[in-house]
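First the structure, which I've put down as structure tokens, then a few questions once you've had a look.
Should a chain be cited, it is by its letter among A, B, C, D and E, assigned in written order, with residues numbered from 1 in that chain.
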Amino acid sequence: MQELKNRIKQLMEENVAQRALGWKKGEFGYDAQAAFFESTDELDDFVYNGFCGANLSKYMIEACKKEGRTIICLKPCDTYSFNQLLKEHRIQREKAYIIGVGCKGTLDISKIKANGIEGIVDIEGADMFSSENLLKIKTVYGDHELAYSDALLERCNCCKGKEHMIFDEIIGESADTVSADRFEQIEKIEQLTSIEKFEFFRNELSKCIRCNACRNACPACNCRKCVFDSDKFDSAQKANSDSFEEKMFHIIRAFHVAGRCTDCGECSRVCPQNIPLHLFNRKFIKDINMLYGDFSAGSNCEENCPLTSYSFDDAEPGKI
Amino acid sequence: MKKINLNKLKELFAYISEKSSLFLPIESANSINFGMYDEKAKVRLDVLKTSKSPKDLFFPQSETLYSCQSAKGKISIEPQALQNDEFVVFGMKNCDFAALEILDKVFLSEPVDTFYKARRDNATIVTLACARPSESCFCKAYGIDCAQGAGDVSAWIIGEYFYWCANTQKGVALLEKTAHLFEDADEADVESAKAQIRDIVAKMPLMSLDLKNWGKGKTAEKFDSPLWDELYKPCLACGTCTFVCPTCQCYDIKDYKAGEKVVRYRCWDSCMYSDFTMMAHGNNRTSQMQRFRQRFMHKLVYFPDNNDGVFSCTGCGRCVDKCPASLNIVKVIKAFDKEA
Amino acid sequence: MPMNSTESFAPKIVAFCCNWCSYAGADLAGSSRLAYPADVKIIKVPCSCRVNPMFILRAFEKGADGVIICGCHPGDCHYSTGNYYARRRMTLLFSMLEYIGIEKDRVRVEWVSAAEAVKFSETMNSFVLQIKNLGENVRLGDLRCKS
Amino acid sequence: MSNREEKVLQISGVNPRKCMKCGKCSASCPSYDEMDIKPHQFVSYVLNGRTKALAESKSVEKCLACFACVERCPRNVEPAKIIDAARQLNVRQRYGDTLSANDIPSLIDEDTPQQLLVSAFRKYKR
Amino acid sequence: MQRIGVFVCHCGSNIAATVDVKRVALAMLSENGVVFADDYQYMCSESGQLKIAQAVKEHNLTGLVICSCSPRMHEATFRKAAEKAGINPYMVEIANIREQCSWIHKDIEQATQKAIILARAAVAKVNLNSPLIAGKSPVKKRALVIGGGIAGIQTALDIADAGFEVDIVEKTPSIGGKMSQLDKTFPTLDCSACILTPKMVDCAAHEKITIFTYSEVENVSGFVGNFTVDIKKKARYVDSAKCTGCGLCQEKCPSKKALSEFNCGLSNRSAIYTPFAQAVPNVPVIDPLQCIKLKTGKCGLCEKVCAANAIDYTQKDEIITREYGAIVVATGFDVINLDNYDEYAYSQSKDVITSLELERIMNAAGPTKGHLERMSDGKAPKNIVFVQCVGSRCADNKGKSYCSKICCMYTAKHAMLIRDKYPDVNVSVFYIDVRTPGKNFDEFYRRAVEEYGVNYIKGQVGKVTPEPDGSLTVHGVDLIDGRQVKISADMVVLAAAIEPNASVRQLATQLTASIDTNNFLTEAHPKLRPVESPTAGVFLSGVCQGPKDIPETVSQAGAAAAKVIGLLAKNELTTNPCTAHSDELLCNGCSACANVCPYGAISYQDKEVNDHGIRETRRIAMVNTALCQGCGACTVTCPSGAMDLNGFSNKQIIAEVDAICR
């Protein structure tokens, strides 16, 4: 991490960029937050550890409105979102200096807490660049240890890959964290009966409090004003008054990002109600791959989105 | 002071729920929230904090105010019935109960919110002391003692037993109704448990949060601080903090076209949203910084200004746990402390 | 009042028809007196690609029991490519609806040319029957719209 | 349409109304001269309720089932299937109508070879 | 707030017999925005329209809902009526209660209920309508005719004679088309070349006509009045400006093995060739697949003998971009491939030929110099059998389901000509039906039978068998006589079905014109607009629209020309105002809409916007309303809803949905 910090400092001192976009340490060792570093002094609080799950690419939209260049730290999966934003003209390449940072998987604090670990005051061993696979968790109620690999976010268990799709330089190594098939959960749901599917999603979605965290964290949901906030479709919603609205919201949200979603998993990560929202997006990804050929949004800036292209012999609706 | 073995709680719940609706922390789809008890419910009294606060038992996320219909050129209005059945809320934490008292200041002062009042009047609240507070708790900063009971009935879980005692008339009534299930208990057991809890509280990192720089009359000092410009930046503008908060009380009123009729309902609003307090001319607060500032200024300055110095926060720490960008009121308070 | 028996159940069915082929096909079905149930109400859109998933969900929200989208045959779109986009959009949307447990037979896409009056009428007859067999839409409606 | 006509149509699966009376079937038929009712006339016999005559005609026996008419018919009418169906009518008439599968075991002689049953089913399976 | 008037039409009893029109009108009175509702016998009549005008005046209406027949029928009528009454024509919506209600339902209660709902939806929509003003777009005063056969030639001449510029694009080296291959024409038996060649020459000489032969349409963009077309001029290797048409090159060319396309492959031609003597332009082309020089670099004989120095082996294909106001498709037909009809032995015997091949054989300029000869041995045939309907009227998937329309007549012509010139030749015609609807057509056919003794046999041929002695046995049937017939023939002529030229599929896609299952181009209306395609500015001429004989083709060509002239005579066109537009405050500038726009109507601009006090420069989508055709593909691809469509806005459609589901 120190290497990364030093390099950012150097780049800022050399005036390659005017600020840096990274992560800042929080109160308990697990609540790192996204942060702009406007001066080298501020870099003291810079961290890069397993709890730096936040995908910074969406913050680049704001960064592009500022004077000068911004150093942005992107994990391999974040670069897909960056590309996608570039493709949609929401950010400008020349405004960013991309440091591709190595990643050994991002951590899920709720997974740690699910082990009955409470009163956490500090966590050691979460550094991204250490090869240690042990989290030492200090709590008010005593100390705990947990394997790093056992506390990964679901998204990291089916990681898209260690390659950065776009970068100016790369710092740090990335580790292989894949331990599950990306579409396994989807296939399981597909095999349920219609009513079972309905019950499953009703249960999950009934938890939705319409806080919009999923939408606001999502790099693909980058509309200046969401349809659910505007009156364009007479569809402005603030809260779920009926079980219909959350369905509408999540279906349409998934549809709007279909072919653009990079499966970065931020939606599920940020959901305060732990709704597995990626199940929607991944279903579309799976269908798109099956019907229109393998497609990975954000793997480059050129390829046309499957929903804005077609072929003469596409599958017929309802016939798959 | 009465007690009952934990394995007989189910009997207690069944008994209470026979007479009136019973709400308590229930696990469903991997999430724990206050819900209505039934035999299949997975009760989780062991969990410190529900995802959402129990405020929506009194101030639901959305509720119909009335519906109206036009027929032959005339509009008829059908009012929404008020809550008129008694119900019991079981296992509320002290911070959440304290939050209700804050909501009372808003909804029970003139003009009284009849929907809210009806629910408050009909509720019997059983609070449960926090056996194991968490690192995100900072209730003590607001003078709340999570070891001590509050509400109509105070309760503790100590070892194999559930203890409770009544604080109000409503509480006495509940205890009387269920007396046959309980045995007498020793106050001393409870006192030692309280002491234990207070010991833990002393060790929790945020409990000692200092609020001396906040409160009445701080508007001028805080409002134009350049710190806001830095603090808000990671904010995603989602409504998580406001929706999990037990004290946030803002709502919007909307109409829903339901076929032939129109339903007027209110629903929680969030000051984090760009269309919060949107009016015909536009919005008072045009930037996320302003909206972000509004939330914390309201909780820590404006509300105390209007309510004898009472903060509109009880330190439940849900925003600390849930904020997707790991921002929260504690970070704001500390940032200003550091500056000062 | 929710009606249970298939006999008395009059489903609400919204049909989005493109102006150039299917709406004309429906007109021809009319002038050829090829009957189909009155439960079907047609909304004219310029092209099947004008049909937004929001419209479909909106229809269900407000109490529709079935939604059918009719457009020109692939290759015959008046705007040359509109129905190809519609085809992809609807394929994905329908797949999603099925995935979250909505009966997949509540939605359909059918390509009907201006000349295919018989097909239009047959399609509507069979779709209405299909919806009647499914019964009232309870999984995807807004309860407030149920009278 | 009488029962017999319907039966022929059901067995053959032919829609006689598709015929445009071009006569290509008759032109193609190698047994034309042997037949009293010619291939192109089959459809009209069925349509005009004269299936009985068709079933009793020589044509029933003379059709070689070479399927030239089926192959060449520009309208996919398949006259050979009509005459075959007429033949089938006769067969069924002769032995009473078909048996249901359940009736068969009791009718079978212990010594009946399996082969015979199988070929019988093949022949009369319609 | 709108003030809407609802007018319910009885359409005589067409609507009123099944829909209680009074109830519909009454029900509409309690709808939001409706201030007036009435019913009337015939809304579209003059007095009906007057009623509308009166109501507009009396009730100060701002919007109209007409419950009547399909908008496809009378929308334009009522829009005009509205305009006359002082309301914007786009403030009118039609509830289709005839085609989509009264005509398909029998139960009065059901039909009335449905009519009420349809009217309600129209009212809900009008509540959200806003006045639209049609834009103007200029008309490029030049027409493009694709195909240089008789259809294209006639269309071009008629347009040019009206004073407009016309370009003809022809795929082959010469204009003339199929008609130039014919010997005589029915029913007058005049020489095809004699009537066609002067027209070809007229075309070439006409100052308003530019001919691009040996050229193809490469790309079409734009819209009615403003098409831009890329024409690929294939390399001719001969400089048209220098060539004098002396023909010496063709004579000297050592490569003479290529099959002559003009003679249906019955004779050979040289590598450098003009398809026929009267070709227009009379400039040869070099077939690069046959030319020794182009293939091997050796030879160059033609260059040496050309006194005009017109040979240029370095010529390349060239793209010419031209602008047009109108496009006429006249791509014509081909004879179908007979591979599926093995029973007629076409591929087995040289003496089984198609009728088009017989035309060439009978023609004095053809492979046999006009002598009737067998292609196998050059002997004069004694017995000729004609087979009709080969591949036409077939419901199987081997042939075409339609009647090719011209075969009965040309077969009668052939039979008659042969009997006339060679009275000793026996001619039999196997037919299914003889179809002769046309002026003097049946008389012509009867003459073939009665005066020329052609033996017409009712019955299709089952099989043609080539015999070892070179003869052909035709197995047929005489359905009238009730016997099978076997005829030993020397020559069998097949009246093969015709089909649209294969190039039409791609062309239809380029033009966004639609084609039917048989690849014939679809007309805008089968009865009322037979020479227009549904795509504005694209017209149809000749067999590309459906089988036709020459007089029909010529008259359709004239009709298409008249339509084109009508269009080009206008200085500007009013454009459809139902176009897309983007809300600059909501637009993300993501380009998704531009990706799906079939007309390239969307571009992006960096524009300063004031978003509730925040001033910033944003990338915003802009719609060129002249290019936009209003399909709405962009509106759905836009996630924020910034893109919307006039006349079919998101809110309007949602209002209709709500009204229907209420």
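Throughout what follows, contacts are C-beta pairs under 8 Å (C-beta built on N, C-alpha and C of every residue); 3 or more make two chains touch, one makes a residue touch a chain.
Everything quoted here is computed from the prediction, not taken from an experiment.
Path length between chain A and chain E in the chain contact graph, taken as the least number of steps between touching chains: 1.
Shared contact partners of chain A and chain B comprise C, E. In this assembly, the chain whose C-alpha centre lies farthest from chain B is D.
When chain centres are taken as C-alpha averages, the shortest distance to the whole-protein C-alpha average belongs to C. Across D-E and A-C, the chain pair carrying more C-beta contacts is A-C.
Per-chain CA centroids place chain A at a distance of 37 Å from chain C.
Distance from the chain B centre to the chain C centre is 46 Å, each centre being the mean of its Cα atoms.
Look at where the CA atoms of chain C average out and do the same for chain E: the two points lie 31 Å apart. If each chain is reduced to the centroid of its CA atoms, chain B and chain E end up 72 Å from each other.
Among the residues of chain B, those in touch with two or more other chains are 256, 259-260. Among the residues of chain A, those touching two or more other chains are numbered 225, 227, 233, 241, 307-308. Residues of chain D in contact with two or more other chains: none. Under the touch rule stated earlier, the contacting chain pairs are A-B, A-C, A-E, B-C, B-E, C-E, D-E.
Interface residues of chain B facing chain A in the complex, by the touch rule stated above, are 28-31, 33, 48, 51-52, 61-62, 64, 132-136, 200, 203-206, 230, 233-234, 236-240, 242-244, 252, 254, 256, 265, 267-270, 273-275, 320, 322, 324-327, 330-331. For chain C in complex with chain B, the touching residues are 62-63, 142, 144-145, 147. Residues of chain B touching chain C in their complex: 256, 258-260, 263. Across the complex, chain E is touched by residues 12, 14, 20, 23-24, 26-31, 33-36, 38, 41-47, 49-55, 58-59, 62-64, 72, 75-82, 85, 89, 121, 145 of chain C.
Against chain D, the residues of chain E that register as touching in their complex are 343, 389, 393-396, 398-399, 432, 458-463, 475-477, 479, 482, 484.
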